[in-house]
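Each structure below appears as structure tokens.
The same chain A turns up in both complexes below, where it pairs with chain B and then with chain C.
Let's turn to the complex of A and B:
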């Protein structure tokens, strides 16, 4: 999928090339700094802090401190930056990204770089879940949950809090169960009332959690894989892939081998994919990056919304500007395209 | 008597002419907006298909502007559409608009001429001249719907080439107002050149090689930009050339039994769906096969949430036809939600997907792995405008 021309830039400052990928999801924020040989130099994984702008600043500060501590990393200069995730356009405007792509492409690219012959990608994140089908190196089909967040990480997180178990240990409990309880998976509201009933009836935590993992996987497969052939090799990633219970349930339902990327890369795939795409972008286009640099943490950004009111549509317009000089860096939301600044 | 009708994309100048030619005053509802949808959702049955809600909202907006007679199309077909006007009238009465009438414009079979009765019903004065008026009204209506179809065809073809974002949208707006103001038969006959001239003024970048995508699905959703989150404009700005068969003109001549293109689509769909089940299901299936055979890059199927016929078509498309014809397809079911991020993500990912496929196909062609593909063709009624636009894009 990634094609790189043999047209290599000669940078002026003599530093080595590195590429930054940012994935701002609904729950977490991921940064990956990658060098020319697709080696991960540095990574950041944080929970979102209110607005995407604040989170990105926090992530950037973290990355900056990592680079300042490590003299080896200071030899690198960031040549291009790409953003993905649900807040990709806002993030692109704020950090000065070169390109914004959807999570689906980013995940596919990253997974292919690690597993070149992958045919199916399962991804469950905080608020959305997807299936990506690849054949001969290109995406041929994908599905994303469109109507409801049932069967995603947020729901598991919520249930873990309710059962008073740290989310990190959730999977261990599920694996221990011998006899999973049956729990309705169609809708989180039903699943929760089912769980409360089972709790009150005296089922063990392990059985309830295993039952929950089972129903979540069932719901995911019913909703997304309608009529799709999930062929091996299958790679499972996203925040939920840390959960052993879910992996076990997938193995049971699909009866196939499931691979999960190691070294914490399973949650960084989106950001890694963007770093790879940025590299491709930098090498194919002889354009200097518009990246604001790691110093963007010092800039104050302000967002405001207002209603246009020029026509009965009355669109609500979002505007993002730099406080210091009132420069508008992005504005969107209108149906007619009148206010659009990118 | 002041008459109004609901919005359906660009079709308002045509419906306005149809009623104005009968000597009746027309009031247009506001373009469908958040407020109208809110009202529609509040007063509609919850599980009704989505077009019911914005059209009800449009009616309320028209009543507030002074309308007292509302015209709603009705098709005594197999799906819920046949009950729209009756239920909407009851809801409006319950809301307190007691004097409002909703008149059905019967389009089940236009050769039964039931629609003439509707036209006479909206005219207060009854005399022999009404027949000549009705002939004129229908003549103008058909001419205008044809031009509206031309405008939207040219828009889909040209937007992906525009250098300044928004040029095409402005031209379309201008042309619709111009068309609305053109009420002489001589000027109407020459309107095609007005359309081509306006579109030729757009500054286009001929070096682009856009993806070719067909948009199909339920007619109200695909035509009304508010309901479909402006999918046509978004795709165009992503660099996709959009082809759309659906239009009011296409529908009207189909109901006069003169649309041979639809008959052809029905013939193609026959092995998979033996009869018309409502909505656009049978034609969507036919169009998918047709587009797949003429080498398109992608196919978009848009329909309202809970639309039974379209969902039946969807299952046939994914489980049978996609495996057979291998034309990438994406489904969008639209409802009242206005959150665009998930919609945009899927749309962008789809465009990336078909781009990747095209590059791979190109590579295979270069290495002679695959036979030469047929170039897309689009020679449906009104081909002359299509040809002139394509010539303009190719050569200037």
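Let's turn to the complex of A and C:
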């Protein structure tokens, strides 16, 4: 991370500075509130509820109740707010974020703050997986999975439901296996049929799950690393990094040491990265945040889509507005830029 | 009585109009439709001059839009790549929409220089297009310098249009000259989209106002029909410009880079013409031009065989010289989110790298930095 001049401008309200990072992924939602010394003050980790707007409101309500319960947290004021994840722009519009950055940047920044000499970051989330290569503290390369979601959390989740095992216990089953079954990992559809064959042939659940973890890792390495040098230190994060079976499989395939951030931070890295970037933004720009505040949970938002129809492209436009005064806070989706409001 | 007179007058006017339009028809030129797809982005100025000199009026299909892609994808079957499906879509538009065409222009490009071929899909284009329903007559010529000089092909093309050898050669010379002017204009750094617009509107090649150069410069590699079709690539270049990036394409590079063929090893001789160009362009940036650009982006259309091969070669080179490289594969997909995440990450990665290096420069002695 670039160290900036520490001329922190302190507003007159006398409260201490804090920064909020929000990561709205495909499956889960993460909030991190951080103080000036990059200490995590408060965190929220939730499964998505229907639409991203509903989830964000729920997360914000959770954060608000944490703050209301804790008098120490009330000494802080949120000076800047950043969003990341696949819903970063929508979230930014809804909460009044100051900046939106991609997951790659957010993850890299957060990991570097915890492990300054990290050289490889493996991240497997709900619907996408990434690999980030750093050298001398600089991101030099990255890759994301292409069209297919094979080898991501959603797939494991689905298979866990099918095997009637809670996803939290998945890893424990995998590490118990002595003789992992070999499962085709190229495509989830084939992997599933292969799994059913193995199940019906009488393989134990442990062996099948271990085989599944193994094939997921193989798929990940084939699709993403493609000849990149995965040098130590390697940090593994994202929801799937809770899974011991996957960690074991990575160790086996890479023959290197794998570090997983502790204290539940492995899933919060995106949000933490955004909190750090928000701090950087606040210090560099010295402008007041446009953050709506924790009270945004009381505002009703409405989204609608319509087709423009002014040219043969017939773009589908998404519009997000506040119900009360019909103020349009965001609109996008046109190719020509006609309807754009940010 | 009065009403009868008006009817007569009306009839007379109608007859006069008909006569007028008949005369106009007789004088009017041969209408030739050109789809705005595939090698349009490479050869259009040449075709335009050539065909207009031979007495044709050109009708272009519009810029690619959703309907064109959808219709093309529906008509295109089997293992076709997206650009050919888009070509189908443009052709269907030309067939469907007025005015009625005398010909559609579907040239067959086999080989433009002795040691290379165009992609097989270009070779077979006139034969494949023939299968479309209600297709007008196809105007075609074959460019294959392995067998025939280009002038011979032009003479046979002129014959179809009822012109003699002398007129054909004159038109060829003019078209060649015009195309050269166009290419020189691009080599001064003009964006292809802008230059093509000037050609289309018969305007002189006037430079755009020089903008202040931006901090970051990318080389955007790929075939013209992927890079300059703003619908198919979701206006990729504009997205880059919006993030503060200057874009360089193969067309903007000096001609001298492409004089010598690229030889990777004895087994792998350059085979496809476009791919050879891409490799030649990248070769320059591996050595002399290393400091001129900050990154390379390669746009590939899904199911492109030749591109998938050289993408691997480029990736290996980039790893050696440590130039950031991003490969993007496109298909009929219109969701922008995935593309935006990749572009933003790539640009941000380079911005942060620059900022960090600048900070290091300030801190350390300049000499130590250069050694590192």
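Here are some notes:
The rule we apply is simple: the second predicted complex is superposed on the first by the 341 of 342 C-alpha atoms of A that agree within 3 Å, B and C clash if a C-alpha of one lies under 4 Å from a C-alpha of the other, contacts with A are read in each partner's own complex, and residues count from 1 in each chain.
We adopt the following convention: a residue touches a chain if its C-beta (ideal position, glycine included) is under 8 Å from a C-beta of that chain, and two chains touch if they have at least 3 such contacts.
Values in this document were obtained by computation on a predicted structure and should not be read as measured data.
Look at chain A after the overlay: chain B and chain C clash there. When the shared chain is aligned, chain B and chain C each come close enough to touch A:227.
By the touch criterion defined above, A:182 reaches neither chain B nor chain C. More residues of chain A are in touch with B than with the other of chain B and chain C. In the superposition on chain A, A:284 makes contact with neither chain B nor chain C.
In the superposition on chain A, A:70 makes contact with neither chain B nor chain C. Contact with chain B, but none with chain C, is seen for A:340 once the two complexes are overlaid on the shared chain.
Once the two complexes are overlaid on the shared chain, A:307 sits clear of chain B and of chain C alike. Overlap of the chain B and chain C interfaces on chain A: residues 3, 86, 101-105, 137-142, 144, 146, 226-227, 311-314, 335. Those residues of chain B lying in contact with chain A across their complex are 30-31, 33-35, 165-166, 169, 225-226, 230, 233, 237, 318-319, 328, 333, 341-342, 345-346, 348-349, 352-353, 356-357, 359-360. Against chain B, the residues of chain A that register as touching in their complex are 1, 3, 86, 101-105, 128, 136-142, 144, 146, 226-227, 311-314, 335-338, 340. Listed in rising order, the residues of chain C touching chain A in the complex are 65-68, 231, 234-235, 315-316, 319, 322, 324-325, 329, 337-338, 341-342, 344-346, 348-349, 352-353, 355-357, 359. If you check the complex, the residues on chain A that touch chain C are 2-3, 86, 101-105, 137-142, 144, 146, 226-227, 311-314, 335.
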